Amino acid sequence: GGDDDADPAPATTEADTPAPDPDDGPAPTDPDSGDAPATTAADAPDGDPPSELAALCPVDALDDADGAVTIEFWHSMTVELEETLRSLVTDYNASQDRVQVNLVFQGSYNESLDKYLTALRGGTRPNIVQLEETALQLGVDSDGFVPLQACVDASGYSFDDYIQRTVSAYTVDDVLWPMPFNTSNPILYANRAALDAAGVGPLPTTLAEIRTAAEAIVESGVAPNGLSLTSSSWIIEQLFGLADVEYVNGANGRETRATEVLFDSELGLEVFTWLHDMVNDGLATYVGSGDDAEHFIALALGQAAMTIDTTAALRSVLIGARDFPDVQVEVGPMPSIGSRDGGVLVGGAALWLDAETSDEQRAAAWDFMTWLNEPEQQATWHAGTGYVPIRQSAIELPAVTDLWAEEPEFRTAYDQLVAGIESSATAGPVIGNHAQLRERAMVPAFEQMYLNAMPPETALQQAVAEANAVIADYNRRTGN
Amino acid sequence: MAVETIPASAPRAVPPTVSPERRRRRRRVRSFLNYVALTIAAVVVLTPIYVTIAFSLQTGPQALQFPGSMWPGELDLSVFRRVFEVSGIGRYLFNSALVAALITVGQVLTSITAAYVFAELEFKGRNLLFVAFLATLMVPAEVTIVANYDTIVSFGWLDSYQGLVVPFLATAFGTFLIRQAFMGIPRDLRDAAKLDGYGHMGFLWSVAVPLARPAIAALSVFSFLLAWNQYLWPLLITNDDDFRTVQIGLRTLASSNITEFNLVFAGTVVASIPIFVLLIVFQKQLVRGLTSGAVKG
Amino acid sequence: MAGVSFNGTSKHFDDVVALDQLDLEIPDGEFLVLVGPSGCGKSTALRIIAGLEEATEGTLHIGGVDVTDVEPQHRDLAMVFQSYALYPHKTVRQNIEFPLKSRKVPPADRRAEAETAATMLGLGELMDRRPGQLSGGQRQRVALARALVRRPEVFLMDEPLSNLDAKTRVQTRAELSELHATLGATFIYVTHDQVEAMTMGTRIAVLDQGRLQQVGAPDDVYDRPANLFVAGFIGSPPMNIVEAAVERIDGGIRLAIGTGAFDLPESWGAAVSATGIERVAIGIRPEHLRIGDGPIDGVVRTVESLGHERHIVCELAGTDHRPGDLVPGDLVIVRQSADDPAPRMGEAIHLGAEARHLHLFDPDSGERIDP
Amino acid sequence: MNRRPVNDRARTRTRTRRRWRERGLAFTLLLPSLLVFGVFVFYPFARTFWLGFFETDPFGGRRTFVGLDQYTDTLTSSSFRNSLWVTLKFTLLTVPTGLALGLGLAILAHQKLRGMGFYRTVFSSTVATSVAVASLMFISLLSPSVGLINQAIRWFGGEPIFFLQSPGWALVAISAVTVWQNLGIIFIVTSAGLQSLPDDLYESARLDGASAWSRFVDITVPLLSPTLLFGFVVLTITSFQTFGQVDLLTNGGPLEATNLIVFSIFETAFRDFNPGSAAAQAVVLFFIVLVLTAVQFKILERRVFYGR
Amino acid sequence: MAGVSFNGTSKHFDDVVALDQLDLEIPDGEFLVLVGPSGCGKSTALRIIAGLEEATEGTLHIGGVDVTDVEPQHRDLAMVFQSYALYPHKTVRQNIEFPLKSRKVPPADRRAEAETAATMLGLGELMDRRPGQLSGGQRQRVALARALVRRPEVFLMDEPLSNLDAKTRVQTRAELSELHATLGATFIYVTHDQVEAMTMGTRIAVLDQGRLQQVGAPDDVYDRPANLFVAGFIGSPPMNIVEAAVERIDGGIRLAIGTGAFDLPESWGAAVSATGIERVAIGIRPEHLRIGDGPIDGVVRTVESLGHERHIVCELAGTDHRPGDLVPGDLVIVRQSADDPAPRMGEAIHLGAEARHLHLFDPDSGERIDP
């Protein structure tokens, strides 16, 4: 082993093809620290061969460690998800004596990210942090992480058994940044009892069908609303993926840095109009952010009969529904706008390796992550939560086959993930401050439509303008 | 003086005497109405607390079955045990208590010494300093929070008790409160102590402090309450479970158990019990400390 | 029309009996002074008249009407509080107008009334000041003006002069007497000041521990105190009280004090005999003790000259030591004119008094014994 | 005993020395407070001004001097102006209501009736609740699903009200939490104020024939005005510092309807990672609070009566 | 050994001259009473002696040593405050021991000393009470005990009796005098009470507006006040002061008052002539005015009986109206024995006084004119 002080700034690693960026301002004045690099990773010249990367992740360092290496793992899992993760970690800690993983809950993905970025300014950082898929560009830009490509290179780890799309989603310019872990996509949740009462047959698979079903539900008086709706813009991004349409420019931000959004289109307007009409025609009820599970509770209480949310909630929903005899949970694939040429995006989160870690800790983290992604663990993980198992061999394991036989709801997400094609549109958008774009541009536009009945055209224009401003602001501040 | 301009006023213009029974009845009605008003007000004030306790004792759908949900289910207190198991709230409570206690002791001490200076010692620039003290009241903590965060980082005090405590060890409000109390001590006592052979420190600790006890008690309660209830700062500077305070613990509890309301509400109840006890014990001191002239400029 | 009468009125505060079965008739137009030591129930009596306190037992009549249950705002009386109770945030004018305001007197009339009352009390220039900017005497007059402007039939005053300095006090005393004479209203005046008690009232009522001890014209109370309490309370320096053994001699009785004795005429014999007591408390006012020849022996302890008069404190020979006192033996005080020759300290003297100036009391019950 | 003769000429020297000794003592006693204030109030305050002149990247690495740009951007941005407006509304919703309710309770409890101790404890009980506790407690009332109010509405067959999700209600709901949480301390402070008012004034007013209302308006309010002013100013300042309720209940939404200024500062600094812009907002906030407090004192001071 | 002397001592508070060039020698063992109206600088003088206030000018010597700059804790004196300044949170014992504690007296000795002082003042049973549980008189004794236990050579007392009720006051006055006699220490005693001033001190010093007006034995000050201020200040009721026009007649001077006049013997003529004034202020003590025959006409306004004596307030005929007063004309007070026949209110009377009892003052400078 040796050097405990790992190189904290993998400036050699870099993410982006150098975007021809003319407005790189005048030499910045720095009041406090003159030694900060004037350029960021994204601006550095391309092309460090993988072999050099491997030095960042001495995967054998654990062999030299005296005693167990402790690593801290910040996560955002709640309820059943947290329980399952906790029991996995406990199993891992018990299965060997070289690594000890400490789980720390840090709030939602956004809060976790905020905390991590705050800690970058100084403060205690975790060794592993679980960040949402939207954090990809930010994670790359932050200089805070070791790209896991380093460990892959160092250990010769093979992703052959993985569902390829989960790996490529987190790969930028052939460098894998975080380790894919909990992978999800949205599915349609419905109360079969209510649908039956309203005379709705098979679950709707398109937005138009949802509307029809909702109309039937409302008209029959089974429930005051057909659909309960949150302000999640993830679902909107998924619609674009399903339609194989890019969300931002620069090949969804994967070839060059994104500078503007692309949903200022017919398709965008169609989505906005649908959302607007559903709520304003009294077919859908808007319940807020969804962080408080109100959209599901609305189903439980008979306020609505359908909602769309991540498959990760499946286990919790099935458990919760036991308390409500009038509710029979049925799930179906994520509805599309019409075409299903693309596929659902890889949602969920991935595990990032902090750069301020010792060699032993990097090795330990790598060991833990690879263990976590072994087929057995993925099967357990899948059954306990609803997340998609990302190992192909996992679905052959009895844990999964039995589960699918008994609770077929669990295969929905897997099926639609593997059904998707591989394209820049289905890889998902890469935006520097994706979370902020959602909060600042999308949520207000939705709320304007839902709460103030703003016409969809206006809302769309507002969202586009605001989103482009958010992107521009980020790019300016990071010097891109 | 024109007597005529004064309207009828003599006792004879007064309603003729009421019989004692009527009067007693009237008085009883009046005090009954008072109790009704008081009770309504009390119910309104207590409703959120009550409902929280009731909900903490209900599970799942039970809590959604109005009007049954208004009454606690079976008195199954196991949820309170679960709170401790699930969320480490025990540790959070300990942290809060420790931090609040340290802040309280610190604030009381610094307030006493600073208040003594402003009440008893004369020197050039004293008024200017006093104004500077009071000016700190005008700076919302949030204004300086970014810079303070950087300071704490540079001290390496993130996730530490120092970080939670030290920035609050001085208080202009407390200084002001105690100064008022000191100024209320008769000058004669100060002089008598001088003649009895005591200097400033002797007078401060053996006369002024014991006499300012009501104000000190009020300040202690206030400091403790404020410290216990701090939210933004601990949220910002603690990431480590070992240093989280109960308010942040509650926030975590609430966001990690979005569907288990009873657990969240039970946590809420647990987090407020220590302070309720404190309040009931020290309520009199609080009011007494305040009546001794602290509030009236 | 507006006499006040207590009929068996009592007031209990939990255990404390603040007023005990008070029977007292105050005729219309009287200036009654209520005196007594601190805590004897003076303020309580006044507050019951005002209706600020409810009597526990008994009734209260004003102007012949039972007002026991009438609210204070409906009794036609005004009160001057010991503290004046001026509204500190109102100007003098607003203070004086306040009672009229609540009676809905039109503003112009209010102003005129207030002006009149203020002029009468010499407050003319102070109308726009706040109470905080006034001297004690001025505040007292504002309180009076506020009471006056109502023209009530009964005035209640609770130690209104106690905050004033000596000179203002003398002056205000005179003004109050004039006022009483002018208005002809009933005044009930609480004080614990000797001089006020003696000089202001048409009658004095002496209270102790909630009980009425004596009521009468000031001179009567001074000259014929009804019991030991009144004897000791009225007069300054107070009446000298000395215990004596009763010996029967022919033609009267002899009272032995220390080494000396007084012989009393026959008329007393019967009175004392009637009570059948063996010891008697003799009261002698300081001005009635003569130094020179007399049956009682004593030693001069201190001589206090007040300029116009002298107080001579004498220790009686043969009387008891009281523990805790700096000075042993029974002390009596003699009041002397400054013109008389002053004794020296430590001088042995003889003291005497005329029999008609002696007051006799039953030492146990405290009641006066009259010949 | 310890008599020390002092030379006439040494007098000034003695006095000077004594004065210096006092000054040294004063400084020593003030030192702890001065240190804390210096490090955690004055220095960061100055630094905040300074930070406002720089734009930074989200990672705290890169800094660009932008002069007054951030200040002017802040002042002109519609979001910041919205925050100000929301904060102002919030202040108007919480401060007068809180004071009126607290004073009302204090007056109600300022009677000599049996059992009053119990009611006093109840009325002051909300001081024992923190922002977090109060917010969570109100979830039990306001949540669209579990909330008791909405349960009742549903039970009676109505549509639930989304108190925290609708722009019309959210600020009111946040204000209700705040008023409720402040009630205890306002009650305690005004009770203390009431208790220190002299009884004799009320007695005198009764004899003067004043009605209960007149006694309240003519005596209680003016005499309590210093306490009320104190409460007014302090509540206003704290309403400008409200954070926890928003963080826990609405996150500034919906549609920024509850985006109180401090929340906005916090978001800018620790979610958007734009400390410069946050600092600029903070500085503007400071001046607003300063001016507001000064104005309140100026306007209200005239109506306040400060005792003899 | 422990005399106190002021040498041109002044004290200024900003604009206020609290003490103005005071020169005063207080010999060892004297009981000096400092009197004067409120705000005249009495407390200031005392506090300068104690070292609680720094003199602005001049020096102070104690026992012949210049202590102007000595800290209070190093001057050997004890002070009894008007408020007693007892530490309310300490028991009586702790209060008494407190000064010894700072002197590092061992606990056992401290206790013994405190016991002795307490026993001497009759506080034996009260040692474990707090001041709040004591009566005014008892508190006063605790304050004394606390001062005593130090055994200082100078005692300072600032109106120590002003909070006591009349009876306790008489008693404590006597005890203080005894104490002074016993200890032989220097006592400096501030009061504004007439009786205390006249009776307690070996000398009185009268202050007004920071200036020493007169210092002397009490009777001297009473009988020969040095100026109008002292004349009006000492005595109660105060000396009557009436202005009169000076007319020279043969064989003396005539002083015209209202409608009447006094003729004064030759001896005065020279003195008055020497001053060359046209008007003179005449002072006559109430006890020296005789009702009956005399040159001055007046009308009886009020008669106040105090039991042993009577005060008759008379308005002088032909004198001026004073605005603001309820009563017009110059008023004089006559002190009468209760034995004399009382005049009726409104009765027209003649007033006279013996020439030897008249005091004459220059009405402008206020200085006494002596024959």
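By letter and in written order, the chains are A, B, C, D and E; residue numbering begins at 1 in each of them.
Throughout what follows, contacts are C-beta pairs under 8 Å (C-beta built on N, C-alpha and C of every residue); 3 or more make two chains touch, one makes a residue touch a chain.
Keep in mind that this is a model prediction, so the values were computed, not measured.
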item: Closest chain to the centre of mass proxy, which here is the mean CA position; value: B
item: Dominant interface by contact count, named by its two chains; value: B-D
item: Distance between the centres, which are taken as Cα means, of chain E and chain A, whole angstrom; value: 94
item: Whole-Å separation of chain centres (CA-atom averages), chain B against chain C; value: 51
item: Rounded Å distance, chain D centre to chain E centre (Cα mean); value: 56
item: Numbers and ranges of chain C residues touching at least 2 other chains; value: 75, 103, 150
item: Multi-partner residues of chain D (each touching 2 or more other chains); value: 145-146, 154, 270, 307
item: Residues of chain B whose C-beta touches two or more other chains; value: 64, 150, 236, 251
item: Chain C residues within the chain D interface of the complex; value: 47, 50-52, 71-73, 75, 77-79, 81, 83, 85, 87-90, 98-99, 101-103, 131-132, 146, 150
item: Touching residues on chain D, where the partner in the complex is chain B; value: 19, 22-23, 25-26, 29-30, 32-37, 39-45, 47-48, 51, 104-105, 108-109, 111, 113, 115, 119-134, 136-141, 145-146, 148, 151-152, 154-155, 180, 183, 188-189, 191-193, 195-196, 226-227, 230, 237, 240-241, 243-244, 247-248, 262, 265-266, 269-270, 275, 278-279, 282-283, 285-286, 289-290, 293, 306-307
item: For the chain D and chain C complex, residues of the former touching the latter; value: 198, 200-201, 203-211, 214, 218-219, 222-223, 225, 305, 307-308
item: Chain D-facing residues of chain A, complex; value: 25, 28-32, 36-38, 40, 110, 114, 117-118, 120-122, 138, 141-144, 224, 286-289, 292, 294, 297-298, 300-301, 303, 433, 436, 443-444, 447-448, 451-452, 474, 477-479
item: Interface residues, chain B side, partner chain E - complex; value: 186, 188-189, 191-199, 202, 206-207, 210-211, 213
